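After this come two complexes, each holding subunit A, first together with subunit B and then together with subunit C.
Presenting the complex of A and B:
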């Protein structure tokens, strides 16, 4: 906590550009939010918001017979904890369904991690080039990338699917070969990467363009090539932006059903957790204890990612670099 | 160590028509400390950035030694630059900051560490090598920026107003340190500043720029003694030189009630340009007071009457800021007086320029006329 305060004050020192009015305004807002009534309201809202998740957790931990007879809130009066629901949903299946969730969980990870890293890597490089490499037409390219955001991804599903499965042809000429990627993760990775790039480039460009010009120039005078500047100076200083985009993208891909179902299908080899959960709510409709356990598993991993990346949200990274 | 040559180097910013740096011709000798000085917007920083490769050159050429570097990227020029705001890498320790260029050049770790420690010793940074820039004071950060430059042993040092973010006392101290460090290392240095005191105290030679045009390049002494035009005369020296427009008279120019002798050729040059006046420049320390019944007074009138407005006492001497009536308009003048005999506000002094210490400029072109 104390360290955070130090960082924050260092950031305040290093940011003389903030006009005095802005600082006073921020102070007023902070004071308004730290009043007891506001605190109480915020806590109340938070609790209300969390109650369903708490019910989910409680239900998933109760034996089947309890769930069938009483509501989840009675769990606290008569606690009876079992982990068998988790065991069932992960490994056993049963009730007319064959496998547990475990292979799908692996699929989800195998889809989500590359589908987060690819756009992050590509977009940060593109953002650096658009922000700091002077070349003709860079503004036009940036504008076009930004404009791509207005295309809804649903529009692209069918054409992309055709492209992946059959390639693209004009008459007998092949413009894009059919890659035979069906039944692999690749179409899902590629599609998620494509859909994420416009926003990622836009967000990261805005952050990277804000880095002090002198810092980039100092590195170039020190003998660094563009790639070296990017790797040694820009990337370390852009970690807050990278971390926040990584969280967004991870959550989006993790929770995605549509893209995965379209490009990977429902087979146990490639389908992610979301596809399986959707099937479960059909076949296990009555088995709340199994459903809730499955849902909780799909919640816990994004939460872990969020808390894992949280430490990269550091303010005042640039403190001490440039003065004035 | 090589020389640096600007050969009609020109920079026109995109969208503009007027060059920011206009056909700059400058030869910087091996190991020389050259200071580029001028008011803000004069193109001095742009010139430096052109030499660094951070700014395109639209015309002419820049050479380091015999190598034409006009269109080379910064990394291929073997130069080191100290930025006005230091531009330290905030995520690296002081040692990593100083060793960054060597690391890129592929020097091995032990060698980097040795050189960084050596530079740290020179700059008195040894105990801060493992800190991050954020944990340093302004002066220490400035020294790290210097260290980053000297560790590389480059062919040329470029410094862009490296002292302007320091407080006044530290600035004077660091000024001397940088100058002596440069003499010791013997590395050709181009130093940009807007502060003419820095320029005069540090440089082997000083180049004055205005509106992208080079006004004069000379040693500080010559710059002070023989400014090439009105702009240089007014810019170099603190307090500034008194510049008074006076009519031509028989055998010289009329300065108040006195006639000061001016060389025949100067008068002819002014007349040839169609001028009936010339501008006389006199430094504050070259205005002598004329007492009643003084030899000077008998010689050639009572000089110019100056009404004292403000007196700045600096201990050893004092500066009198006063107003004099020259022709029809009143003109502000500065006169240096002895610290022991300071006039009162409202007093009227009579001053004449010391003979041989006047500068004569053409009123129309601003150029210096022959002595």
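Presenting the complex of A and C:
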């Protein structure tokens, strides 16, 4: 629920990343969005979208017997606060792990940070090359990459797993041997990177292709190599696009259960928070009361990332980047 | 502009630094992975184990090896499992890396097809076992496991076999044919525990006529598995009414759902759990059975709003902390009587089977150990809520009254034991259409004939 809120607002914020057309158009849009009615609607939507999160918080603070009998909204009339759910989640271990959620929290970070940085680094370079390096077939490659968007990742799960565990062969010729990555983070990083690249290349290409030609050409005339242009001109200017994609990717990987469960498994050494959350309620669902507390803990870090990076895409970057 | 580029530059430097760090971590992770994968056949002659470890001599000689195990059992039950083989691991040097998942049923086929199968999988559904055997990746158990398995009732071997070949030894058993009630409320009202189906039905109408509360409560809600408790109700009636043979034919679909026998059994259920005068104590009308979660269904018994709940032995975990479970406590259970007195002690239950995907010697050692009565005893001593139908287990080791009750019926040689039919039927029915149709039967008052016809129509050809 709350993740949806975050994603939805991320989407709303990400939309203006593609630079708007004319100045007049931008002004009209700004005026339309600052009218009292629009403000009221936006506030109303925000409140509506926040209510489930509030309910989650209230439920996580209530004792089990109260949750079973009444709705969370009665919490405000009859407050009975307990932190026992949080205590159970944080400190009562399972699977021979003593520290509750902590190992899983660290696993989540160890999975999410690289799985955000890898596609970002690869896609920004690819996007630059496709947008500004002239070579035959660059458009075809771009469309092919974007077309990969339509392949559902679920289709790739079993073949990818076979590649990782058995290597790749054509007939009897081995292209690469079994990688022996079982029980490590690497398959999850690689898979998330693969699944993220089409969208990342598409988003960043659209942004980078719209950078003023004068800037790039000026740098080229001054003798900068493609790598220099990419590093010194394109990357700094593309920061808002990079940040917005980083937020998307971070949230997606953080909230992902399927890919992690398939490629990393559920052992405490590698399993992320989502896998642990799914198991919190126990074999017969008899510990459901601690789920809300677990869910609340799991959204703290995505929220921190969102608030930490949001200024990058709120800022309208290109205004004034070429001053004659 | 300058500040802009400057800040962006700082961000970029951090990004590059983080990238460098993570690629180092990637390398480290890779090298860890490759170094820990080898080393299974480094041992020579088995060392002699002494003292407390002497009992594990048969499994010695695999020190320093690792066996992966994948199951659907989660914490805290899985913690008890892990403590049950702690001594075995310490003595033999075999590490059992346990992984539990509540997506086990969907994850196991993905991993097996992806070439990433666990060494051992604990499979609760014979149907899933058959599906795994079809992939050709399941390895037949070693001879010792086969010998150990013979201590279970013969019917269990057929559930661990596919097409007549034995693949997986049972590990645990549970009983579904229990009725939970409050001994205190029963003795206060002067009710006796019914021993025949006729007694049960007349007791129900007595309670309903007394008007203080409804006799039965129930709940089908269980997330994506909503509906399964109702399949158990029908299975118990079919088994108790016609005995094991018809039950087996029903599982094979040689007796269809629309067969007059099954329709008659469904009508018995219609008159029992679909009877507006008898259900749903503490919740409301018949349709609330579909909307109540199975975990909550027994709650009204403690509050005196409902008298009985038909639910499996593992329902014991759902009673709130502090509830005294026992023959004279707050809550106790009796075995659901046979719908036809001529059927001898029908017992419907479930269990888990250990299938191996590798024949490495240490995997076989673990497989052998898990099939022994010694391991079962070790597990029972760790914590209640675990029953083995292994005849070699001394009934005196059970400390929990419900476990004692379950063990009594599960090891009873005269009982007609049958495995949960919905776990034996094809998944499209047993964990699909049957659940949804039964839910519709209770929530929308769908007719018995239509429910049966819809399930038959969905049976895979």
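Some observations on this one:
Everything that follows uses one rule, which is that the second predicted complex is superposed on the first by the 230 of 324 C-alpha atoms of A that agree within 3 Å, B and C clash if a C-alpha of one lies under 4 Å from a C-alpha of the other, contacts with A are read in each partner's own complex, and residues count from 1 in each chain.
The rule is short, and it goes like this: a residue touches a chain if its C-beta (ideal position, glycine included) is under 8 Å from a C-beta of that chain, and two chains touch if they have at least 3 such contacts.
Values in this document were obtained by computation on a predicted structure and should not be read as measured data.
Touch criterion met: A:158 reaches subunit C, while subunit B stays clear of it.
Of the two partner chains, subunit B is the only one touched by A:214; subunit C is not. With both structures placed on the common chain, the touch criterion links A:237 to subunit B and to subunit C.
Of the two partner chains, subunit B is the only one touched by A:228; subunit C is not. In the three-chain superposition model, subunit A touches both subunit B and subunit C at residues 236-237, 317, 320-321, 323.
Across the interface of their complex, subunit A is touched by residues 52-54, 73-75, 79-81, 83-91, 100-101, 104-105, 132-136, 138, 141, 148, 152, 158, 165 of subunit B. By the touch criterion given at the top, residues 1, 4-5, 7-9, 11-12, 15, 18-19, 22, 25-26, 29-30, 32-34, 36-37, 70, 72-79, 82, 97-103, 107, 110-111, 113-116, 222-223, 293, 295-296, 299, 314, 317-318, 320 of subunit C touch subunit A in their complex.
By the touch criterion given at the top, residues 10, 14, 212, 214-215, 217-225, 228, 232-233, 236-237, 316-324 of subunit A touch subunit B in their complex. The touching residues of subunit A, counted against subunit C in their complex, run 65, 68, 93-96, 110, 113-114, 117-118, 120-121, 157-162, 164-166, 179-186, 189, 231, 235-237, 239, 242-243, 261-262, 265-267, 275, 278-279, 282-286, 288, 312, 317, 320-321, 323.
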